[in-house]
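One structure is given below, represented as structure tokens, and several questions about it will come after.
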Amino acid sequence: MLSKGEAGEAVRLAKVKTGVTWAQLAEAVGRPLAWTTAALLGQHPMTKEEAATAAALLELGEDAALAFQLQPTRGALEAAVPVDPTIYRLYEVIQVYGPTIKELIHEQCGDGIMSAINFRLDVSRVPDPAGDRVVITLDGKYLQYQWE
Amino acid sequence: MLSKGEAGEAVRLAKVKTGVTWAQLAEAVGRPLAWTTAALLGQHPMTKEEAATAAALLELGEDAALAFQLQPTRGALEAAVPVDPTIYRLYEVIQVYGPTIKELIHEQCGDGIMSAINFRLDVSRVPDPAGDRVVITLDGKYLQYQWE
Amino acid sequence: MLSKGEAGEAVRLAKVKTGVTWAQLAEAVGRPLAWTTAALLGQHPMTKEEAATAAALLELGEDAALAFQLQPTRGALEAAVPVDPTIYRLYEVIQVYGPTIKELIHEQCGDGIMSAINFRLDVSRVPDPAGDRVVITLDGKYLQYQWE
Amino acid sequence: MLSKGEAGEAVRLAKVKTGVTWAQLAEAVGRPLAWTTAALLGQHPMTKEEAATAAALLELGEDAALAFQLQPTRGALEAAVPVDPTIYRLYEVIQVYGPTIKELIHEQCGDGIMSAINFRLDVSRVPDPAGDRVVITLDGKYLQYQWE
Amino acid sequence: MLSKGEAGEAVRLAKVKTGVTWAQLAEAVGRPLAWTTAALLGQHPMTKEEAATAAALLELGEDAALAFQLQPTRGALEAAVPVDPTIYRLYEVIQVYGPTIKELIHEQCGDGIMSAINFRLDVSRVPDPAGDRVVITLDGKYLQYQWE
Amino acid sequence: MLSKGEAGEAVRLAKVKTGVTWAQLAEAVGRPLAWTTAALLGQHPMTKEEAATAAALLELGEDAALAFQLQPTRGALEAAVPVDPTIYRLYEVIQVYGPTIKELIHEQCGDGIMSAINFRLDVSRVPDPAGDRVVITLDGKYLQYQWE
Amino acid sequence: MLSKGEAGEAVRLAKVKTGVTWAQLAEAVGRPLAWTTAALLGQHPMTKEEAATAAALLELGEDAALAFQLQPTRGALEAAVPVDPTIYRLYEVIQVYGPTIKELIHEQCGDGIMSAINFRLDVSRVPDPAGDRVVITLDGKYLQYQWE
Amino acid sequence: MLSKGEAGEAVRLAKVKTGVTWAQLAEAVGRPLAWTTAALLGQHPMTKEEAATAAALLELGEDAALAFQLQPTRGALEAAVPVDPTIYRLYEVIQVYGPTIKELIHEQCGDGIMSAINFRLDVSRVPDPAGDRVVITLDGKYLQYQWE
Amino acid sequence: MLSKGEAGEAVRLAKVKTGVTWAQLAEAVGRPLAWTTAALLGQHPMTKEEAATAAALLELGEDAALAFQLQPTRGALEAAVPVDPTIYRLYEVIQVYGPTIKELIHEQCGDGIMSAINFRLDVSRVPDPAGDRVVITLDGKYLQYQWE
Amino acid sequence: MLSKGEAGEAVRLAKVKTGVTWAQLAEAVGRPLAWTTAALLGQHPMTKEEAATAAALLELGEDAALAFQLQPTRGALEAAVPVDPTIYRLYEVIQVYGPTIKELIHEQCGDGIMSAINFRLDVSRVPDPAGDRVVITLDGKYLQYQWE
């Protein structure tokens, strides 16, 4: 039986072997692109049908399909601060702009947070004559500190 | 003379005293909202005119205006992992979705990164009948690994 | 002007000087006991009236009353792992029972979390012939992972 | 022979295979729900009978039953600060409310602690029209600092 | 007003100035030697009388006497692992013999701990022809893991 | 061939299988209880005879007997700060009383340390009507700082 | 199938076995020396042809050739601060000269960075009568902080 | 009297006030640009004459001139891993290319290191039609491991 | 009154002002060179006479003389791993040769340590035609692990 | 094929099996004692002949002989701060005497370091009526900071 993390590794290798893309997987599974990618990398549980569809497309076995359905223990970085440059840039954004985002949430909404649970994200390439851009949209429900 | 960080603290206190908002500061300075907030919190250098305008609106002195113009040593978190819940949620997004974002950048653009230098961000409140949402847009130029 | 943390220290000293209790402060302010304690220790913002009432009772000045109203940067531990034995026991509970709590939340509610934002807590002493007990109740809204 | 931790992993996998719930396991073993969950995850030793009952229900072998009886080296988090969001919220509660809990224990009981050894916990879902709630009750004997 | 830690520093300096010993302080206060030392270093609260006696003997003022009575936030090491050689040897004992002590507690008493709250310690010099010895006695109530 | 650590794990499992106690092992080996426990857990080297006796009693093979004789690289905790509650209490004692012990060693003996090399320890259960106690005695040679 | 890191280890061993040099590998592959070395150590993806050429020269199999083509998760140090002396000297250069380099980039170019993505490096031995020198050239595109 | 670090801060502020550049300082002092910058930031000791020249040009007093002459305790980063993006890119280069540089030093020179003591560095802006480049040259004496 | 650490800083500054060397201080005090240096940097307590002599030579006041006599809390590095290159090389020696030194102590002496308490050290410059050498001699009493 | 570290472990086990000493290995190999020990523990590369001689004496195979010749990635401690008492004492020496050694190198030689590359060390047992001593000699070339 595969752990959730081992299944995620198997997915990455199977993508190279089969040439299947994340977009094709998302379409087959019928869920949003980023959700499907996160789920197959071990961060969300899939339904039995979603898991079977993804495993079949990737030519993976029962073990992987079962692992896709497991409840994850989330958290995917190997260290507190990521070193891969593509991921580190996200951390840098928090270092440089984290307090800015906090101030603007408080000014626009009040004393609360953007939920990371009732949350969706999108990653897209946006053409630009000065060089194409990567636009990442973080979209979470506003949650107000609320005691009573 | 104030350090860049002390000037940022002075701004937060002056906002409480004067009731000036980030939005008013950005409009007076004539720069985008998030940029202005980040600059006044010590993450970007301002021009002499921008600094004077902001200091005047906040009823701060020469020291602050000078500090606003200094070249920053960037990085605003007090620890490697932020503990304030509003900021921590951003870190949680990297923990849960960082590898997902990396996979999608590579699939859509190639072997590269989203720049955090040629970069802008936006924070906005989006009305939603199921509860308003906070939408944070990270928008950076795609940079391909390029050796020769 | 006092920072939020300095105001919290001033509260603790003023309590010793004046003999005022957290229970009296909560009653005067008109908010729950634990909320009031947390707010005066710098973890919640108070309204102008609440702040004035608390400052008066503690014989503290304008500075403290202003600090009580400031938006906090939350997080009160001096290190990632607390060393004070009374607080450490809470950390020990997470070390020993954290995965248990996670399993039971997932079994009883689904794939989600207990909110720490839409959240209240209570601390009470419960008489017991075998030795009185401390009962701490953590009560947060269940939030389901929800993408679309 | 299985280590205590490996046995805990085997339990989680066997639950998926057999469909047995923590509640059924606790009822069969005849111990409280949270205690049974914690024990099977490797944080408490079981008696021979409890271990045999649990192993049988989960269709696990002798090795697992033996591991359930071992004296544990407790502590279940993989890092000092947990990254799984469901568990992290408990850590956030300590960061935001730890000193509040400490103050209230001292005000209500004196200079002492809530025991994490003479201790029980309960996790329950409480229906609420504004959204169901997760209520976690930490219930430990009060221990006074006592020298002579 | 002095913090608990500053008062502890003041005690160490006052001891050099006045020549008063910990043994004399303990006798005057009427409490055990190690308890008195720990209290004056900021790890236990004193009664008003104890505090006044100690402050007088050390020729310290009201501020110190008040600080001696405050409820401490305990924990005296500046880093997770102490570097002063006299204190480090205690840490080394845990590194080398910690699991041994755990095994022997479990064999002699059951599944439980030595309390560090219902606890007293003694430090004494024991003459020995092969070189005098330091004997440190840790004496805490046995606490059994107990759920129901 | 077994490493010293693997042999220690084998000892713990063999104790469960054979029912042999640390006390019986110490008596058979003819060395003090705590020394024998520490040695079998991998913190001291045994002589060939001691190793053979212990291995025979535990029904372990040549590999274990050889490992018992190896020179150890000492240090048994998996992290700088132990999380198992039974061992953590020892660390808490250093956090709360470390500077107290240091002061008393200096007052009673001079500028030096308690050796952790010329050192023995004892763990015993002491009956007490208010609840039995665990008494841990650390007994090390006093070593004075000595240059010339 | 080999991971990127395992393939890098296989390359180092194969170099010892076959006697092939990095320079020969770079020439065969037709890419710069440092790029080829980094790629084969797992920090860049190769094309199918480059991978096949390198694998053949090193007498490695299909697995390695496939791994050479995989998208890397970059970052090659085993700890945040490297301990190997040859690599540590580079870290020391950042500790001693990092702020100097920052000041000079800002003075010569403006508020920006040297890209580590649009980047190439060269390592060469330079003869010198007082002892040959190692000259490392870091050559990256200047990127200006740019918001709009 | 100023510490070496405080003098470095004073230099940065004085540069803003006086408009003097690092290039002008280096020319006045008569030493290389990067050396002079590093020295004034507190990483090298200056001669009395160099110190006096620099202090005069920056309109700083005796204290600063004295501090410039002090033997430094080197190391300028506030954390093990730098967070300022301009400096972080240098750390990223070590993460991605450190083992590459090590391999090439060993292949070209033998078992040794590039000295960071017998060492000089240069930072220059190189015009490039595709965007100007920052070229950093690290130039250190090769030191072979040598025992006898 | 000065702390031990502040007195050490005062010594370093006074040496620059007065031109007094460590060798002259050691000779005046009548103790070995390295001992005297360590004591004045805050790592050993001096007698009243030694302290007075050193303070007079350095033109420091009563405060410093008193601080020189205080019992130190030893440990002089600002971080667990030193970054100053002159001190780091000592750490590198432990990283590269620590296990070698351990093996040789065990082979030549038995299961024990070199004492760092009954210990002296010497630093000397040794002329060498191939470049002078720094020779550091660590000389500590051998202490055998000894239980009974 | 063995890694350098695995070969070092094999050496330690082979020494126990064969009874060969480090001194015999050094004599057979014809290199200094400490160098030979360090090399066989994985910190230096051996020539083909040295490796063959050592492997033969230790009755190890081709794999080990090959590993002895590999270029090492140096650094032998499992954590930043060693916990084995024999090795920790070396770290304690740096904590207590590191700044002393730095001051004396600077006073005797100038602004530079003791090389850890052009370096040799010796460990010897020196008879002493008050108890034999361990004398460790660190002997490295003095390197002056030198830019031009």
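Labels for the chains are A, B, C, D, E, F, G, H, I and J, by order of writing; each one numbers its residues from 1.
We take it that a contact is a pair of C-beta atoms (placed from the backbone, for glycine too) under 8 Å apart; a residue touches a chain by one contact, two chains touch by 3 or more.
What you see is a predicted model, and the numbers here were worked out from it, not measured in a lab.
Taken together, subunit D and subunit J share the touching chains E, F.
Looking across B-G, C-D or A-D, the interface that copies A-G in more than half of its residue contact pairs is found at A-D.
Greatest Cα centroid separation from subunit B: this falls to F. Mean C-alpha positions place subunit C and subunit G at a centre distance of 50 Å.
Distance between chain centres (mean CA atoms), subunit A to subunit B: 23 Å. Mean C-alpha position of subunit E lies 41 Å from that of subunit J. Subunit F and subunit I have Cα centroids separated by 32 Å.
Touching two or more other chains at once are residues 73-75, 77, 80-86, 92, 95-96, 102, 106, 112-113, 115-119 of subunit H. You'll find the chains touch as A-B, A-C, A-D, A-G, A-H, B-C, B-D, B-G, B-H, C-D, C-E, C-F, D-E, D-F, E-F, E-I, E-J, F-I, F-J, G-H, G-I, G-J, H-I, H-J, I-J. Only residues 81, 83, 85, 88, 92, 95-96 of subunit A touch subunit H when the two sit together in their complex. In the complex of the two chains, the subunit A residues touching subunit D come out as 1, 66, 69-70, 73-75, 77, 80, 116-117.
If you check the complex, the residues on subunit I that touch subunit H are 13, 16, 79, 81-86.
Residue ranges of subunit C in contact with subunit D, taken from their complex: 21-23, 33-34, 37-38, 41, 43, 74-77, 80-82, 84-87, 89-109, 112-116, 118-119, 121, 123-126, 128, 130-142.
Those residues of subunit I whose C-beta lies close enough to touch subunit F in the complex are 31-32, 35, 44-45, 71, 73, 102, 106, 111-113, 115, 117-120, 143-148.
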